[in-house]
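As structure tokens, here come the structures.
The following pair of complexes shares a single chain, subunit A, combined with subunit B in the former and subunit C in the latter.
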Partner chain A sequence: MEYPDDLRYSREHEWVRLDGDAGVIGISDFAQDQLGDIVYVALPAVGSEVKFMEKCGEIESVKAVSDLYSPVSGEVLARNDSLIEQPELVNSAPYGDGWLLQVRLIDPSELERLLGTQEYKDLTARAEE
Partner chain B sequence: MDNERMNDEQHTNIGATLTFDLSRPGRVGCSLPECDVPEAEIPPAELLRDDLRLPELSQPDVVRYFLALSRLNYSVDTGFYPLGSCTMKHNPKVHEDLARRPGFADIHPLQPPETVQGALAVMHNLQRCLAEITGMDAATLAPAAGAQGELTGILIIKAYLADAGQSHRRKILVPDSAHGTNPATAAMAGFEVVTVASDKDGDTDMQALQVALDDDVAAMMLTLPNTLGIFDRDILTIAEMLHAKGALLYGDGANLNAIVGRARFGDLGFDVVHLNLHKTFSTPHGGGGPGAGPVCVKAPLATYLPTPVIEQTDGGYRTLRPPHSIGKLQAFHGNFGVLLRAYAYLRSLGADGFREVSANAVLNANYVRERLRGAYQLPYGRCAMHEVIASASKQRAKGVRAWDVAKRLIDYGFHPPTVYFPLIVEEAMLIEPTETESKEALDAFCEALLAIAREVEETPEVVKSAPHDTPVGRLDEATAARRPVLRWQPRND
Partner chain C sequence: MSSTTLRRTTLYSQHKALGAKMVPFADWEMPIQYTGIIEEHHAVRERAGIFDVSHMGRLDVSGPDAARLLRHVSTYDIARLSTGEGHYSLLCNEEGGILDDIYVFSVEDGCFIVVTNAANAEKDRDWIIEHTLAGLDVNVKDIQTVTAMIAIQGPEARERVASLSPAPLSEVKPRNCLDDIEIAGRRAFISRTGYTGEGGFEIVTMASDGPAVWDALLNGGALACGLGARDTLRLEAALLLYGNDIDRTVDPFEAGLGWVVSLDDGADFIGRQALLRAKERGPERSLVCLLTEENGIPRAGCAILHEDKQVGKVSSGGFSPSLRRGIAMGYVPSGLRTEGTELTVDVRGKPLPMRIVKRPFYSRKSA
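Let's look at the complex of A and B:
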């Protein structure tokens, strides 16, 4: 299970990678493993607003449909439309080609309210018990 | 493995065969008589379809093909069907005789009421009995299934609150252990869904409820017992808290089997409850329906029931539109054949019979629970009600997941239980044995699950690649969902 160091994580298993004043969002390796084969991802439109830890989309696996929560507030600058044809990228590269959204951050201090790598690792370890 | 009863060759063939594969040019299944009317002009060729490829088969080919397919069906009449969250109990066959009596089978809903008094009497009595069983004051039989019953109940609450000048109440609280239809219903009725967490024992987290319960809450939808098979110990307090805030309590009665004849929704403080006759009241589920999802309400909500309700007058029974009715849910009176079977079941069991139903349903679930102890993880340390949750989380160390266990169960001749529901339990397997299974049937099922647990330790590959003894092996569910092929097309060969 991978837990890259350069990310902040939410308790709902999303990650965000800061890139200038924008953040790239995805779901964690742990989350994709728990969900199983991803078959569909519903994401907000480019230009729409997402809010800190509010529902911003849905992710469907062969097991269940789960809500996606945005780990930051801001405007959607880009979304990964290649997931329409290839949702399996979320499984094979959750931190790379399986990214979900790019968001222009309104309030970078929100990142402080997310978990660091070690904290998130501990959270998933407890969930496994 | 006891698969000698299956004719492997036949099954392997039929599972993946289409009528098109059996087609032979020029073969026909029926002969048409000589034309005895004047021939009409055929429309111009450009208006006609070039080619319509239909399979060409003889009548015996067709009969054998579909009969062979039908023999692959698995139903509660052929074997144990422990589907959690959907009571799949035996349907007594006398119900079928009753439903086929001409006085019930050959009537039409548009007949004058005086010619169908017997049918209206059945519906009226069923309304009364269901209200009594749930501790409510009035009932509608119109909803065609549980989900429509939920929508009915929530629309009634919405209309009632609007008339009370409470339209600002936009939120509906739903515990995270709820049936998925609950939040869907609330959203469909135009409410905002607020999820309330469960605590570690599976009860509603009372602190979370306190936080979520504000003046904008219209109602809480609560399944009792919940989908964890747990009876919420705080139910009386929950009802008091909601009512103190001016909100209503909606009961999802899908799991009534666990408490029927023992606890009544009305007595517990619920204002509305829907029931699933095709679960607790033993009417067939076959082919996904038809079902019936009657809704029972307390007196202040009775005038909002959908039309028609059946009323008894001095002159007999008649249909009635309640004064504030939310309207009509479907054509005519609901799924009458289902209502009739449920009424027959209800009358043949009586109050004592229903107490035995719930006693044995709970006993059977807990028997399964105890037999699985040690082999599978049992989340929530409490006695279960009508259904039990086992988790395959232990088995993950060997790379085996809940659905591998479920698919392996098929090889052992059982319908798998519900898996991956409820969502709050990892690798969940939700097992509802019902009261109609014998100890021998439960033992056979538990032995199969225990044998699979041993296989996970010794030969996990066998479990991970199951099923092995079915007409087709493991299906690629991910590709089927990602790139579904929804229309058959002929091969170009």
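Let's look at the complex of A and C:
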């Protein structure tokens, strides 16, 4: 299981990578592994607002559906529409081609309320027990 | 509440060694997936996959009156079975409700093997024993724990088994069985049955021989498949799952299982009177297959609507890896069961348009 060091993680297993005043959002390797084969991703429209740790979409695997929570507040600048045809990218490259949204941050201090890599690793280790 | 320990099959170490994700299923700790549900699904559709189905119930029903007992407790006229033949059947209660769907194999004169659902194994065994009529000379033996059961399914299933066995597999017709054959050097009972919509075999060995047979099939190139793929495969084939699609509140005619209810041999099996009436009445509701062309996946329990009014519920639903679409089965009033009927399924508050399609969703290209 991989957890890149340059990310902040939510307790709901989303990650955010800061890029200027925007953040790129995805779900963690742990999350994609728990969900199994992802077959459908529903994301908010470009231009819509997402709020810190509020539901902003759904990720559906063969087994089950899970809510997606936004780890930051802001305006959706882009979404990964290649997931419409290839939702399995979330499984194969959760931190790369399987990214979900790019959001313009309105409150960068929210990042401090997220977990660092080690804290998140500890969380997933407990979840696996 | 005391915490119950999950039971493990004789193949448990095999599953762990393959890195399976294990989940609780009907008192058993079973693999839900190894490499991934979709990969395992396609392996069965295109090549061959193996499943540990040791959690299913297995009964040996033997004695001069074995056939009479099985005819009394199940709906299909098993007197029609010759040695080496098997058939799908049902256990019903007096009201005609389905207690379980089962497979009955005629192994030899006065000797049958009955395969039941994991969740019902003990209930079925006790039901059959309780309903053994006085004076019948028959013995019902539970052979679940002393045996292992492995399914191999897919277009390459036969050649995979044939490479490990001298048995005349090509002579076994669908649903039929061969007893006392050798596979990977171990003794086995096999039947040409399964739960995936593909051809293949189910293999019963002594529990202690299970790991050797499993390993031999795996080394022969079959992919280990878990309960996740088993469910997507059976749903595409529109095979029913007890507890979801059928249970004691459903009669066989509603479920499209009239073909396993033999009423014309005059045998007085349990539920016969109720089922005669049910057949005459005709089912008020019917199980249908639903397909969507849109994004969205119907799940068990979702409401089925017709013209904004709820008319039924999804009994099984999910994503079809073969069709890459959401598919479902569910009960609707019989007046609506026609192919092509447009219905709506409420998927967590969102309406998903679905259409009734011919059963099954998937059938294999070649026999």
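Everything that follows uses one rule, which is that the second predicted complex is superposed on the first by the 129 of 129 C-alpha atoms of A that agree within 3 Å, B and C clash if a C-alpha of one lies under 4 Å from a C-alpha of the other, contacts with A are read in each partner's own complex, and residues count from 1 in each chain.
FYI, contacts are C-beta pairs under 8 Å (C-beta built on N, C-alpha and C of every residue); 3 or more make two chains touch, one makes a residue touch a chain.
Only a predicted model underlies this, so the values are computations on that prediction, with no experimental measurement involved.
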item	value
Which of subunit B and subunit C A:V39 touches, first, second, both or neither	both
Touched partner set for A:G74, first subunit B, second subunit C, both or neither	neither
Contacts of A:K63 with subunit B and subunit C, given as first, second, both or neither	both
Common interface positions of subunit A, toward subunit B and toward subunit C	36-37, 39-40, 60, 62-63, 88
Touching residues on subunit A, where the partner in the complex is subunit C	36-37, 39-40, 42, 60, 62-63, 65, 88, 91
Subunit C residues touching subunit A - in the complex, by the definition given at the top	32-33, 36-39, 228, 232, 295-297, 299, 318-319, 321, 324, 348
Of subunit B, residues touching subunit A in the complex	401, 403, 419-421, 423, 426, 477-478, 481-482
Residue ranges of subunit A in contact with subunit B within the complex	34, 36-37, 39-40, 60, 62-64, 66, 87-88, 127
